[in-house]
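Note sheet for the following structure.
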């Protein structure tokens, strides 16, 4: 096994998320969003990134507003519980702060593209999106036909991100990890990517993970870095660890209505908080306490014995 | 919007939408009003309905708490299945999902929805969030139920961009382009409900909500609407329905003013 | 939920496995093989079945020898730890007892065919098997090319069995089930099939299954019957319940060398034991005890709390 | 087969096969001798090698007990990943698996393997079990290592049926048909070892086992074999290697007489 995969968030982003690369984030939709990683990408001033994800609940909007992004490949970008994404709108409507290329997908086609990428297949056919305008000017969604029946099909070309950043509940130091709750396209996305950065709420021993090999998210041979970052997905939820901070999304929505407002928000929550610890201090004990689970809901025991 | 103080337009919409859900159906559920409609149907006439969520969830009991997103932890715990998104989309493409429920920013006379670009794709005046799973649900679900705000700027002769396909240009368009799903069955708006003509596939006004006139509906619709010969007043929500809706949305977060 | 899915094995086979249908069995390869179901199919004298599975470790051989089968769609049929499958050989080489049509697959192509079937996709392309003789005369493996690059591809057509019979550790009475250990193509096969018969070691309450929704095998809406049949997979292993009865496979190999020997084996282990209980009695307490786990290996706890 | 009483031909084959495994490689492992070779390599020169099993398993530690099948419970418990078969096959098609190890019933001079039909497909004299995952491993793995019994009836000029592709008709055949994997790198038999000519892709005798002559190998091979200019005696298993092999197969179930 390659040892020493455990690094700090700053090291992980510095080594594995260079400017110009394609990054998969938000694979589990509104949960397990790697905000801590996204904020470090902003602090390290990455540019010209291609962001890939089924939907993005404000994280892509933050990276776009900070000028890190030249292209997005996604099905939905906004603020799920509140409304539109202001930076995304400014970038597309007014090319501010930068021109942004948008490759529009549906959730199914982006999932199929990642599935194909993971399978090492050049494409997977679907009957979804036939007749829609999503097929206009998206080269990764090719109108075609079934060679056997002649029926119209869309060939969804494989998507292979340079790096996937996935938040999980627990990992060992080699990247053998357990993830539970909402999964989305975490598995397909991890398998499709050339490398995976895992952000774990908790670092555990190898024995803990290997006690339940069915729960393992993906092969550790794909994992290039493991970052231990508790609360690293805040304000998105992590099952069993903390709930969704709805108010944070609402406040972000208000703050980001204007370019200036967003810059103030960015300074307060990203640029002036160099570490996740500083970020959590700013959030405050009381708020964290309110987000912690009020009840435990344990999975039924499973015995692998023989 | 609340015309007589006893219920809001959103509550009426939830009740009207719930009636479109049949018992035992697999229903692709969205957030907000569609989710409340599903929860209402479960407690009334469709106890065996099953809800699918595009994040990768199947539930036969609505979550015990108000949801802000489908991935909220209360929606995961106690699910029948929490799996990869691709698996619930697979059931949809298999034809196993009888009903999908969607909203939209723009709708046209053939039930096409736009949630992507207002104006041109090259130079949009508004960039909307996009499809999410909506285009897949509209493409693949057995029937589609559309729930949305009824405003003239939203109800257009032709949408600027087809994100979620209705009946395209009408008639047999869906068969021609190869879409397997059945297309829109009904629209529930803040003013009334629409069904679709079996041949032309055009939206037809089926009912107007209490206190709304067909003229009002015409004024708020961007095309010359057809009105069903047996157009009638939308049955208001019953006391039981209102009690259930308010139990599920106690502070009117989604159904209040 | 459709209630009353719990039936006896005899009822499940009578209602859901008619002569002439296609049946997926052995989805988890050498483990969780639904032998109890297969034996009931033999007792109910089904004919003209199409058997589908990646590999079959003697179960298909038994059904073929009993004259239930007219077609097999599989990657491998034999006796994994001992050698060739005698009935399979007799059927193919000497058309005895019946002529058998064989659709040869590889493990990957049968998995891709089931994946496509489950996805509702007409086919999935692969680069595996190019240039091999498996492509000769198998209409479900079509030589084609990538429309974008012209590269040669095999289009694996979707496989949709009429019924899948899957053995699992525990299920509730609606078919919400947990399966762990070796999975193979259980998930893809279940999703691809028009219906699923679950054979469960244990019937448990709904709460047990819903306590761990990530562990659930497939949607209960696919399940048409749940059979509670402890030891139903013997002589194949069921993780946490019992190990593999290697000696049983060796003895079967010897017994089935001749048609007559197989008929004697069939009478002793299938026709003369009308129920699984009778089968277990014939096996004997001592043998069952030896197959039971000598140690428990519990999966690490998981908390879905919020 | 045991020519001097100190080790069996199978033990020698396991040792020779293990040397083909490089440290840190992802190896698609079969059962029987290949599995013992993987276990030996792990304990000697390739501690960081990782094993994949087509049932859906990845392990970096060989199972603590002798396996009869890859799905045996001791092989599942303590795995790095127990997943769906499709996921390990996906890693193979991605090109992430550097080495695959296979046996076969028939082999030809270009390393093509037959495990399907002896005689014609229409009227076979012997129906063999089939591919399993072998054809995929031979199609997609970075390198292929073949381990098999050396008998004239098995080593044929041309196999009756190509189940697992080697170099087809030789030369650039693999590129021509579009196979992504690298093809056979070596054959380890009961009599010697073969490498492959870089241009013609024909099997070339690289070494003969202790006590075996090149003539013996010729007699047991169904085509006129080429012999490497630096052909030599296969290094016998060391004491350490034998100790490890016998620890893993204590009763000689796979490596005994």
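Details
Note that the chains are named A, B, C and D in the order they appear, and that numbering of residues resets to 1 at the start of each chain.
Everything below uses one rule, namely that a residue touches a chain if its C-beta (ideal position, glycine included) is under 8 Å from a C-beta of that chain, and two chains touch if they have at least 3 such contacts.
Keep in mind that what you see is a predicted model, and the values were worked out from it rather than measured.
The minimum number of touch steps separating chain B from chain D is 2. Once the centre of each chain is set as its mean CA position, chain C and chain D turn out to be 28 Å apart. Distance between chain centres (mean CA atoms), chain A to chain D: 41 Å. For chain D, the set of residues that touch two or more other chains comprises 57, 72-73, 76-77, 82-83, 86, 92-93, 140. Across the assembly, chain C contributes residues 112, 119-121, 126-127, 151, 153, 180-181, 183, 187, 214, 237, 239-240, 243, 293, 297, 304-306 that each touch 2 or more other chains. An unclassified topology is adopted by the chain contact network, corresponding to no line, ring, star or complete arrangement. Pairs of chains that satisfy the touch definition comprise A-B, A-C, A-D, B-C, C-D. Residues 112, 119-127, 142, 144, 146-149, 151, 153, 155, 157, 178, 180-181, 183, 204, 208-209, 211-212, 214-215, 237, 239-240, 243, 293-306 of chain C are the ones touching chain A in the complex.
In the complex of the two chains, the chain B residues touching chain A come out as 31, 54-57, 68-73, 76-77, 82-86, 89, 92-93, 116, 121, 124-136, 139-140, 161-165, 168, 173-174, 177-180.
Interface of chain A with chain B (complex): residues 28-31, 54-55, 57, 74-78, 80-81, 84-85, 88-89, 92-93, 102, 104-109, 111-112, 115, 126-134, 136-137, 151-153, 180-188, 236-237, 239-240, 243-244, 246, 249, 293, 297. The touching residues of chain A, counted against chain D in their complex, run 1-2, 118-121, 176, 187, 191, 210, 213-214, 216, 218-221, 304-306.
Chain contact summary for the complex, chain D toward chain A: residues 24, 26, 48, 50, 57-58, 60, 72-74, 76-83, 86-87, 90-96, 140.
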